[in-house]
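Note that chain A is present in both complexes that follow, paired respectively with chain B and with chain C.
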Partner chain A sequence: MAELVIENISKKFMGKTALDNVSLTIHDKLFTTIFGNAGAGKTTLLRIIAGVEKPDKGKIYLNGKDITTFLPKDRNVAMVYQSFALYPHMTVYDNIANPLRARKMTKSQIDEKVNQISKSLGIQELLSRYPRELSGGQAQRVAIARSLVRDADVYLLDEPLTNLDYKIREGMREELKKMCKDFSATLVYASPDPLDALAMADRVAVMSDGKLLQYGLTRDVYYTPNDITVATIFGTPPINILKAEAREKDGHLFLETPLFRTDVTKYKERLSPNKEYKVGVRPHHLAISKRKVEVEMVSFPAEVHLTHVVGAETICYARSNSEEITIHVPYIYRMEGLEQVYVYFDPAHLLVFDKDTGLRVT
Partner chain B sequence: MNKSKTSSNIIYVILVLIVLVWTLLPIYWTVTAAFKSRIEVVAWPPTFIPEKPTINWFIEVWYDRPNPNYYANSILAMIGSTIIALALGIPAAYGCARYTFKGRQDVLFTILTFRFLPPATVVMPLYLIGRTFHLIDTTLFLSILYGGMNIPIITWVMLSYFREIPVELEESYQIDGYTRFEAFRRVTFPLARPGMVAISMLVMAFSFGEFLFASILTTSPVAKTLPVSIAEYMGGEWGYMWNQMAVLTTYGLIPLIIIFFLVRKNLVRGLTFGAVR
Partner chain C sequence: MSKITLKNITHIYDKRVKAVDNLSMEVDDGKLVALLGPSGCGKTTLMRIIAGLIYPTSGDVYFDEDRFTDIEPERRNVAMVFQFPVVYATMSVYENLAFPLRAKKLGEEEIKRKVKEMAEFLELTPYLEMKAGKQNAAIKQMTSLGRAIIRDARCVLLDEPLTNIDPHSRLILREKILRYRAEKKQTIVYVTHDQSEALTLGDKIAVMNNGILLQYDTSRNVYERPASSFVAYFIGNPGMNLIECAFKKVGSKIVFESDGIKVSLPYELAKEVEKETSGKVVLGIRPEHIELSKRKVEEGMLGTCVLFEDIGITKVLNLQLNGTKVRAKNPEFEVEVGEKLYIRFPEERLRIFNSKGEIIL
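== the complex of A and B ==
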């Protein structure tokens, strides 16, 4: 049982705010992702949890115990660094065994544990090598093995996939997710990549400029972001944002954007007529058709000017009424020159934000 | 392709030979001079193998210098100064590499300024200081001075060494379950050891061979060092006594060669570590 409570943590470096009053509770045996762009404060937060950085303000509780002033060695928290931080003068075996030796285990116990973890991570053949003789993917597994070999309450992972190439990253995502379940570990994973969080995390905490913007179940944060910032940064390719204005006509309330008009009468209480808003719709909620089809959806014409195929999916960049729109379709779409298409989407996927505060209205 | 490889190999071999001759010839000449006769040592053209090797000069030096203190003094000053310089320079370098604090650059610059003055300009004040504290004619005084003079170079060399070792390694070691000191001792120290060994070699060679301070700040055999002893064979009624000087110089080479062979492995390992990082 591990519950990590972070309470009002603030931290400044040379007068610059790194963390601003961050509070969140990490739940037992869940995969939690701290998501945010570079400089959002993710790494600082992990370092404070690990104890290698001291917060200016705030407290950290692990299983109800205040560990704010504890030394790293007394916290029972493991961490994987982005740079892996393998000890270059020790073999892989000694690297993995290092935390166990600190716990005064017997030689045979250490042997058993190291062999067990290296087997489950597929690195048994590497045990006698030195870190400089490892590839990036191997070094990363060793770094993960070194933290998972411990019986830690919480495992912190600081962007462990960033230094790996695309192909290994895809595979490691699945493995990490599986590991979290297999070891029934409590994982806190910092990442600047929304895909990491979407693919692996049970819960996600979205950070920006040292502030915690939203924390909740991954799908909740994705589908119902608190505000326009969360909606913009948490999702790839980024959400399409358009200006909109609410207008009342014949007892119906409409949202008008430069591209389309949609009936929002059911949100009447939350939207006021003749007020400006911002609306967002995620690229993968948009569909493309070369012919106009009659469906119960919002549609508008657009001109695709660039496509980018990722795996078996395509990101289309389109222009319509001088607005740039990104459309993410789950198939390979090849265009021949500029193409006139119709873009469709279900108005249920439309997110409406207050123009001034950025908060989500519907 | 093959041809150019061969020719670059030839150039490489020639360069190595030049360096070897450059380095080893003076040593060879000095050592053989200790076995040559008084005439042969100044003969022209010089002989490369002593015609009638003799150990007379070793015997003469032995009787001439009944008190071998000068040798021990040099070794003491060498060890003492190296310990002092390392004990003060390494913490300074580590502190400046790992912590950001106000005035860090000033501290580093101040340490560097210790080497700005030519030693000859400070030797008189040092004599007066030494006299006040009754340190004239002691190896302790030499150790302190040599140590102090070498703190800047140790601090600056080790500073860049420590900076190159990622702080994450130490942090990770602490998260693994160790104290900060253990992390330093088992991670940073072994990784920085090649640098420490190399820089210690420099300090030792400097302290062992220093002449100016030793000649002025020591006056009796109690603290006189090997270089001063060698200089005493210069001039005087017998003129330059090359043979005796060669004997003492040969003695002087021994400890440095021994130390080099002891730490050779560390130096080589240091090179391979640097190459992969």
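== the complex of A and C ==
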């Protein structure tokens, strides 16, 4: 059982705000991601939970007990850092087994645990090597294994996958999620990569400039962001944002952008005519076609000028009426020079934000 | 701008760890080759051998037709950019860019012109007078790239240049590299563990693992016809599903079976597998090529969805077919964990590897 309550936590470093009145409850046995760009306050929050940093204000409760003033060693919280050193004179096996030996486990128990974690991290063939014989990515995995091998109420992971190979990251994401389920572990995972949260997290907390912007089920946060900041930072490639203006005509309400016009009469309660807004549509909600097709969708012409193949998907960069648009398609799209295309999307995927407050209107 | 030829390169560290294993390849003049593989595969070692920073245990390095194995790095005229940006911290960005030109004893006017041109191209103009050490990682890396390419080197070696910079700057830098390549027709070797960088940038891709060159081919071919089961797994996100199967001839078909899996292919198409004396092969199917249905379909195998992730662009499903786990990807499909599904592997999408992991079909 582990329920972690973070209550009104604030922290300044040399007069600069790192955390600004952050409150959230981390639920037992769930995978929670703290998402935000560099400088958002993720690491500070994790360090306060671990007890290596003291908050200026606020309290931390673990299972109802106020642990704000507890020393790190009295919290039973395990922290995995972005990078930390291995013992150079010990083999990989001994490095991983070290925290278990300190806990006086039997040899066969240790063996089982070390093998299990090594297998899941793909390092079982490296067990007899010394740290100097490992590549950077391999050493990182050993360090992760050493932190995860021990039992703790809460595991805090600070961007542990950042320096890892893409392929290892992919496997690790699945492994961490499985570990959270299989061992009923409570994981708090800080990351600047939206994909980490989307692929693993039950819940996500989006942070920016020391503030908690939104906290909820991962899919809810992704599809219904509170405001334009959450929409922009939580998604990769970033959401397309355009200026828009609401206009009334023949009893219908339309949103006009430099690229398209769409009927938003059904939202007329929430939108005012002749008012400016910002609209957002995620790159993967856009589709492209080389020919114009008649469908019940919004469409506009564009010129694709750059493509990036990512696995079996393609990110296309296009220009239309001086606007830069990103389109993410779930197949491999090979471009022969500049290509004129039509871009389509279902208007149901359009997010509308207030131009001044940034809050989501629809 | 030279052609690079590597002949039977082997490198062993500490007489114990074989980093590069009898590797031969050619990089044609003016082409960009992406050297792709997991960390520890030997790609950085190979790069350093080309630059002359490591002397190989055996084998030779040629630029065009000349053997350079014994030539020291300073005399190879090879430009290199590393994963962690290297700049002269106390010098201005301008002086950093001018440095290789001063070493070549160019006139002040020419230096000024070249630096200005490079700064323009890399969007470094606003930073020219600032100290390089005070800039963020992206500007520093842009500066080290500029310094590497400002002189006309024989070839340019880039060792994971984008790994340590933020995603937005990564895209900009990637576009710069592509444009530089297109304009200058420079020979570039680009080391990366990131398949998307490799697939996007490389004219050809060299996939390495355990010091061995597994495949050297176009991006289309490494994706569609991976030479080995490792390449099949490594390319793609997630990689190809690999399922060990027994096979037997039944009438005009060959039937492949494993716990929960049963697939058949026409005998004429798949008869090559009969050469496999172990009686077992590995069936490969990409997650994005698996067909899913909630209703019964012909040749559909029954499975249960055990994991469902909505990652925006697509949905990733883990499917349990009796004892076999398979990953599928589908942009549209919505399903609850625990739900039963019918799963089909389209014949034309199947790949078959022998027990050594080499492709047969």
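Things to note:
Assume the second predicted complex is superposed on the first by the 295 of 362 C-alpha atoms of A that agree within 3 Å, B and C clash if a C-alpha of one lies under 4 Å from a C-alpha of the other, contacts with A are read in each partner's own complex, and residues count from 1 in each chain.
By definition in this document, contacts are C-beta pairs under 8 Å (C-beta built on N, C-alpha and C of every residue); 3 or more make two chains touch, one makes a residue touch a chain.
Note that the structure is a prediction, hence the values are computed from the model and not measured.
Of the two partner chains placed by superposition, only chain B is touched by A:His89; chain C is not. Touch criterion not met for A:Leu359: it reaches neither chain B nor chain C.
Using the contact criterion defined above for the overlaid structures, shared-chain residue A:Ala312 touches chain C, although it does not reach chain B.
Among chain B and chain C, the chain that touches a larger number of residues in chain A is C.
Once the two complexes are overlaid on the shared chain, A:Val295 sits clear of chain B and of chain C alike.
In the superposition on chain A, contact of A:Ile332 is made with chain C only, not with chain B. Judged by the touch definition given at the top, the superposed model places A:Arg103 against chain B, while chain C stays out of reach. The touching residues of chain C, counted against chain A in their complex, run 13-14, 16-17, 38-40, 163, 166-167, 171, 174-175, 178, 193-196, 199-200, 219-220, 223, 234-239, 286-288, 307, 309-314, 316, 318, 329, 331.
Listed in rising order, the residues of chain B touching chain A in the complex are 100, 166, 168-169, 171-180, 187, 190-191, 273, 276-277.
Residues of chain A that touch chain C in their complex: 38, 133-138, 163-168, 170, 174, 177, 195, 198-199, 219, 222, 235-236, 282-284, 306-313, 328, 330-332, 334. By the touch rule above, chain A contacts chain B in their complex via residues 14, 47, 50-52, 71-73, 75, 77-79, 81, 83, 85, 87-89, 98-99, 102-103, 132, 146, 150.
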